[in-house]
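Chain IDs A, B, C and D follow the sequence of writing; residue 1 opens each chain.
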Amino acid sequence: MASTFGKLFSVTTWGESHGPAVGAVLDGCPAGLPLCEEDIQKFLDRRRPGQGKTTTARDEKDKVRILSGVFEGKTTGTPISFVVFNEDQHSNDYADIAKWYRPGHADLCYDQKYGFRDYRGGGRSSARETIGRVAAGAVAQLLLKQLAGTEFIAWVDSIGEIECPAVEADKISREAIEASPVRCPDTAASAQMEAAVLAAKSAGDSIGGTVRLVVKNVPATLGEPVFDRLDALLAQAMLSIPACKGFEVGSGFAGTRMHGSKHNDEIFFDGKAYHTRTNNAGGIVGGISNGENILCRMAFKPTATISQRQKTASRDGENGELAAKGRHDPCVAVRAPVIVESMAALVLADLYLQQLRNKIIL
Amino acid sequence: MASTFGKLFSVTTWGESHGPAVGAVLDGCPAGLPLCEEDIQKFLDRRRPGQGKTTTARDEKDKVRILSGVFEGKTTGTPISFVVFNEDQHSNDYADIAKWYRPGHADLCYDQKYGFRDYRGGGRSSARETIGRVAAGAVAQLLLKQLAGTEFIAWVDSIGEIECPAVEADKISREAIEASPVRCPDTAASAQMEAAVLAAKSAGDSIGGTVRLVVKNVPATLGEPVFDRLDALLAQAMLSIPACKGFEVGSGFAGTRMHGSKHNDEIFFDGKAYHTRTNNAGGIVGGISNGENILCRMAFKPTATISQRQKTASRDGENGELAAKGRHDPCVAVRAPVIVESMAALVLADLYLQQLRNKIIL
Amino acid sequence: MASTFGKLFSVTTWGESHGPAVGAVLDGCPAGLPLCEEDIQKFLDRRRPGQGKTTTARDEKDKVRILSGVFEGKTTGTPISFVVFNEDQHSNDYADIAKWYRPGHADLCYDQKYGFRDYRGGGRSSARETIGRVAAGAVAQLLLKQLAGTEFIAWVDSIGEIECPAVEADKISREAIEASPVRCPDTAASAQMEAAVLAAKSAGDSIGGTVRLVVKNVPATLGEPVFDRLDALLAQAMLSIPACKGFEVGSGFAGTRMHGSKHNDEIFFDGKAYHTRTNNAGGIVGGISNGENILCRMAFKPTATISQRQKTASRDGENGELAAKGRHDPCVAVRAPVIVESMAALVLADLYLQQLRNKIIL
Amino acid sequence: MASTFGKLFSVTTWGESHGPAVGAVLDGCPAGLPLCEEDIQKFLDRRRPGQGKTTTARDEKDKVRILSGVFEGKTTGTPISFVVFNEDQHSNDYADIAKWYRPGHADLCYDQKYGFRDYRGGGRSSARETIGRVAAGAVAQLLLKQLAGTEFIAWVDSIGEIECPAVEADKISREAIEASPVRCPDTAASAQMEAAVLAAKSAGDSIGGTVRLVVKNVPATLGEPVFDRLDALLAQAMLSIPACKGFEVGSGFAGTRMHGSKHNDEIFFDGKAYHTRTNNAGGIVGGISNGENILCRMAFKPTATISQRQKTASRDGENGELAAKGRHDPCVAVRAPVIVESMAALVLADLYLQQLRNKIIL
C-alpha cells in the first residue's frame, strides 16, 4: 500500500504524467463536512504550472471532478474519489528520454526496480502525482479548519543563496505569499529570488530552494508514540514529495549547536492553558503537539530536468549525452508550498482522528 | 499500531523506563537466519548507558532474552520476541517530576494526550524504549549482511560547534568509531567533542549534536513510490528517535544552494552496472536506491534533562522552578549511532522484502 | 482504510450506486503482466445485471476504463485505476426510501453511523460497489493464472431448498456454469432453481442461495499465521460481499459431526510431491495452502429489496409500511459467483506476493 | 504483520508451544481503564487445559505477567505487554513427530512454507498461541463493558451429532456455561456431550463441535464498510482460531432457504430507539451493528491429534504410520468459548474506537 498514506484519514493516489488521468481516493473523512469541487479547485490552482515566468510553460487546466463520497454538498463518510484528466500531454517532446536516463531523475531506478516503465516522462515520479495529494490535502485543511481553526501556511524561504528574512508567524498571510511570483512574502527577497530563477532558466539550468511551513491553532495531543510521532510522520510526508531532500522541525540542525539550558522551552501556565516562552521545539515535544505553532523547514534540490547538455548512460549501456526538451520548472520549490501544506494537513487530520480514542474513559 | 513499524518486516516495541521490562516483537523475518542472543547483545551493548564519562552513570546490564521465533540457532519465520528486564530503576530519584513538568520533555504532552501518565520518568518517551528497536534492528542488519553484504555505519559528526572533518565512506570503520568516547572517528575532533560534553556536564547542562549514517552495498531497487519512498521512510524512522529534530539525505539543505547542472549526478555504465560520478542524491533517486552509498545526516537536540534549575509549570497550574536529579546523558547524540543504524536497517530490510514481488513476471 | 483490502496486492474501492461513477485502485501488482480493458470487461460482464429473466432489468453497460498503471499493454508496477461511469441511474424510482428505512437494508445503520446518507439508494452498501472488486479481482486471476496456472471457479450450489448435486472439481467448467441462467452447472437443478427464482420474482419476493468455490492449482505455502491465515482472509473476503451471511471451508459445519480418525486427511508422498487422499481440510491446514484444491461454500441471504409491502419505521420515528419500487435481483446468489472468485483471487494474489519473502535464505 | 490484528486497538501475539514463553502486545488501549493481572488471569484460567476429564491432562499454570502499559492500576495508553512462561513442556513426548507429518496438522505446511520448523510440537499453530489473544481479549471485554455495558457469552452448541436446544440470549449465563464440563448450558445435552467426548477419548479418537456466541448491549454503528464490515472482521477473527472451519452470522446457512419477505427483520421505533422484531440479521446489517444482539455460530473440526495409528508420510518422503503420544484435548470446541469471546471483543473494541471519528461534525 505504498500509494496509500494515513491510517484513519487515508489517501491513495494514482496516475502518471502521461497517462489519461491522475487522481486520488480519500477514505475516512468524517461525514457532514461541506465540500464541493470548487473548494478543491482553489488549492489545485495554486499547484498547477503555467502561472508565470518562474514556472513551466505547460498550461494545464487541472480541472478536478469529485466522483463519489459527497451528497447534497456534504461528505457522506464514504470514500471521496478525485479525478483530473491530463489534457496537455505533448508526449512527443519526450522522445529522447526513452533511450537516455536523465541525470537526477528516477528513470534508471524505475527501470531497475520494475524492469519496465512508461518512458514518456517521469511517470509516477512526476510532480503530477501530487495533484491527488493536493486534492485530498484540501479536504484535510477544510476539516481541520472547521474542527479546530487550524491554518497551514507555507512559503519559499530561500532560493539558491538568497534567503527570506525571518517572518513572524502571526504576520504572514497566504495572500502575501501568493502575490509573489516565487511565493516569498518578503518583497525584496522575492525580487532577488525571481531574478535568480530567471537567470537559471535562461542559462538552461535550475536552482534549489527551501520552504518553510507554519501551522497555527494546532490542538495539543496530536501524535502517536513511538513510530507515528507527529514529527516523524511530517518528515515522511515531506520527504515523500518529489525533490525534497531534507526536513527539520523547530530548532532543527541549528539547535544542535545549542546547550539544553538555552534550548529547553520554558513552560508556563497563563491561567487557562500551558504555553512555552520560546518555541525551539517547533510545537512538538516527544512526538506530540503541545499547542504552539508547528514550525518546519524543507529542502528542495534543483529541478533535475535542465536543457543544458549532460553526460549520462542509455538503457543499452551506452555512455553519451542528453539535452532535455520539454518544459520544466526551473525551481521546484516555487510550486511546493501548497503541496507542503497538503501533506502536513493529511498528517494532522489523521492524527486528529486517532486521538479521539484517548481519554474516552477518564 | 503506532508502536509498530514496517509492513513485511515489522517491529512492535513496548515498555517504559520505570516498568518491569522493555522489549519488542519482530514479525516477518525470513526463516533460516542464524541468530542467538549474543548476536543481539553486541548491538545492545553499544546502546546502553554506563559506558564512560560522557554518558550517564546508570549501569544497566540490559541483558536480552529471545523468547520465541528461534529454534536450533536459526529463525523459524515466526515472531521473534525480545525482552530486557529493567534492573536499575532508582525511581526515588524522580520524585519531583511527578509535580513539575520538565521543560523540553514530553511530560506535559503525555498528560494532555492521555490524561494520565507514569510520572516516575520519561515512560514511553524515554530512550529506554529504543532497546526494542536496537534488538530488532540487529536482526535487520544481520539479515541484510547475509543477503546483500549491506553494512550500516553511523557516527557523531558534530557536537555543539565542533565538527568532524569529512570522512570517506570506504575508510570509516565501526571499530574506529567505537574507540572514541564520543563515537567520532576523527581523533582530534573526538578530543574536542569530549571536552565539550564534559564541560556541559560539569555545568549541569547538555549539548546537541549531529550523526551521520552511511549504508554500503545497498541493492538498487529498494523503496516503494510514492509514500514509502526509501528517503521518506528513513526520515520517519530517524525523526521517531527521541531528540531527533532534523534529517537530510545526500546534499540535503546544502544542495538547495546549488544549480541543477552541478547537482545532477552523472550516470555512467561501467560495463557491469550503472553508477554515478558524484553522489549528491545520497544513493536515493525518486525514492528508490540506486546502488550507491546511502548518505544521511540527523540533528539531535541537547538532552532535555539538565541539573540546572529551570522555570516551568506544575500539573496544578503553578508556575515555579525545577532542578532535575537523577542521571542523564549530557549529549544524546553520543548514544544515537547504533539506534540510527538500527532504524535504517529496519527500513531497508522491510523494503528489501517488499521488492521481491517486482519483476517476478518479466 | 476500510475500503482497502490486501497488504502487498491491495485494492481500494470507491463509489456509490447513485453517484457519477464507481471504481477501484489496485496497488502492488507486479510489473509486466499483459493487461487491457477487454481483459477486465469480460469479468465485469459476468457481474452486471440485465443478463436474463432471473436478474434485475437494469441494463448497465458497465464499461471499464483503465486510467493508470498500464503502458504498451503491460502493467508497470504502479497503481492501476479503474473507473466505470454510472449510466442508468433512474434515481426517481427510489423516492420513497428517503423517508422509510428498508427492512433488511443498511439504510438505518448508515444513518446511525454517519448521521447522514445518500438516500437515493444503497449508496456504498449497494452491489455496485463490487464492480471495483471484480475489476481488481480480474487482475488477480490473470496474475495467478500466469504465475501458477491457478483457476477460480464458483457456481450456485443451492437456491432455497433446491440443491445442486455434488460436482467433481475436475469436471466443472466456467462455460457450463455461465450457460445456466442461475449459474448452476447441473442442468436439472438449474431448471428447478430458475423456476424457484421466477416464482419468487412474480410473488414480489426474493430467495436465498449458496455459492461454492473451487480453486485449482493453488501453490502450497500461501497463508500467513496467525491472523492472516488463508482461510481467515477468505472468510473476511467473502463476508465482506453484500448479503453474505456464512462461510465454510472444506468439511465446514458438516465436519463438526465427524471423528478425527475419519476427518484427518491421510498424507502421502507420490514421488514428487505430498498429497492427501481426502480433502476435508479444503486445501488449507493451519491456515496455509497445502496444494490441494481449495473448497469453500458461502451463504447468501434473500435479496432485501422486495416489492411486497413491509412494515418498517421512518427517519422521523414513524412506524408504517413501505413497498419498494425499482428493479432488483430476486436472488443475489445468481450474480455472486464472479464476485466470489474475485475476492478469493485478491486474497491469494496478496498471499502469493507475501510468501516470496520466506525461504530466501535457506 | 500477520501476527497483528486490529487497526487502532491492535494485538500482536508471539510464541510457540515449546518455546520459553508465549505472549502478546496490545497497542492502542485508551488510558484510564482499571486493569491488573488478576483481571486477565480469570480469562486465561477458562482457556487453560487441565480442567477436567474432557480436556487434556496438561496442567499448565499459565500465570500471566503484565510488563508494561499499566501504572497504579490503570492503563496508561501505551502498549500493554503480556507474558506467560511455558512451564510444562515435556518435549520428549513429541519425538516421533520430528519425522512424520501428523495428518490434520500444519506440520507439512509449515515445512513447505518456511523450509524449517520447530518440530517439537505445533509451534505457532499450537493452541497455546491463543493465550496472547485471550489476554488481549480480556482487556477488550473489560473496555467494552465499561464503555457500553457490552457482554460476550459463548458456549458449546453441539458436539458430534448432539445439539444443545435453542437458548434465549437473555437467559444464558456464563456461570451456567462454565459449570458444564463441556461448556454447554443445557444440563441434558451437556451430559450427552460429555459422554461423547469421553467415548472418543477412550477410543483414542477425537470429535468436532460447534460454538455459539451472543454479544449483548452492542452499540449500533460499529463496522466500517466495505472490507472491514463487522461481520467480515468477525469471520476473519473466528477462522483465525485453530481448528475453526466455518462461520455464520444470524440466519447464516439456514437463511439461504428462506424468502426475503420472511427473512427481512421488521424495523420499528419504540419511542426511544429503533429495533427489529426478529433478528435474522444477527445484529449486523450492511456490515454495521444495529444494536440488536450479535449472533454467530462457529464450526470446530475434531482435534487433529489422536492416539490411533494413522497413515502418513515423513519429511524424507517415506510413506508409513504414526501414533501420536502426548496429551491432547479430544474436543477442541470445549476450550474454544473464551477464545471466541476474546476474538469477538478484539474486533468490537477496534471498531468502537474507529467509530469515534464519525459524526464529529454533525
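What we mean here is this: a residue touches a chain if its C-beta (ideal position, glycine included) is under 8 Å from a C-beta of that chain, and two chains touch if they have at least 3 such contacts.
This one's a predicted model, so the numbers in the text were calculated from it and none came from an experiment.
Engineer: Where the centre means the average of the CA atoms, what chain is farthest from chain D?
Structural biologist: Result for max centroid distance from chain D is chain A.
Engineer: Sharing over half of the contact pairs with B-D by residue number is what counts; pick that pair out of B-C, C-D or A-C.
Structural biologist: Most of the contact pairs in B-D are shared with A-C.
Engineer: Between chain A and chain D, what is the separation of their C-alpha centroids in Å?
Structural biologist: Each chain reduced to its C-alpha mean, chain A and chain D end up 45 Å apart.
Engineer: Measure off the straight-line distance from the CA centroid of chain A to the CA centroid of chain C, and report it in whole Å.
Structural biologist: Here the centre of chain C sits 39 Å away from the centre of chain A.
Engineer: With centres defined as the mean C-alpha position, give me the chain A-chain B separation in Å.
Structural biologist: 26
Engineer: Would you pick out the residues of chain A that each touch at least 2 other chains?
Structural biologist: 1-4, 7, 13, 28, 31-32, 77-78, 113-116, 124, 225, 354, 358-359, 362
Engineer: Quick check on the complex: what are the chain B residues that touch chain C?
Structural biologist: Residues 7-9, 28, 30-33, 77-78, 146-147, 225, 353-354, 356-362.
Engineer: Mind pulling up the chain A residues that touch chain B in the complex?
Structural biologist: Residue list for chain A touching chain B: 1-5, 7, 13, 101, 103-106, 108-110, 112-116, 124-125, 129, 158, 160-161, 200, 203, 205-210, 220-221, 223-229, 231-240, 242, 244-253, 255-261, 263-269, 271, 274, 276, 280-282, 285-291, 299-306, 308, 310-314, 317-319, 333, 354-355, 358-359, 362.
Engineer: Considering only the defined contacts, which chain D positions touch chain B in the complex?
Structural biologist: Listed in rising order, the residues of chain D that touch chain B are 1-4, 6-7, 10, 12-16, 19-23, 25, 27-28, 31-32, 65, 67-69, 71, 74, 76-81, 83, 113-118, 123-124.
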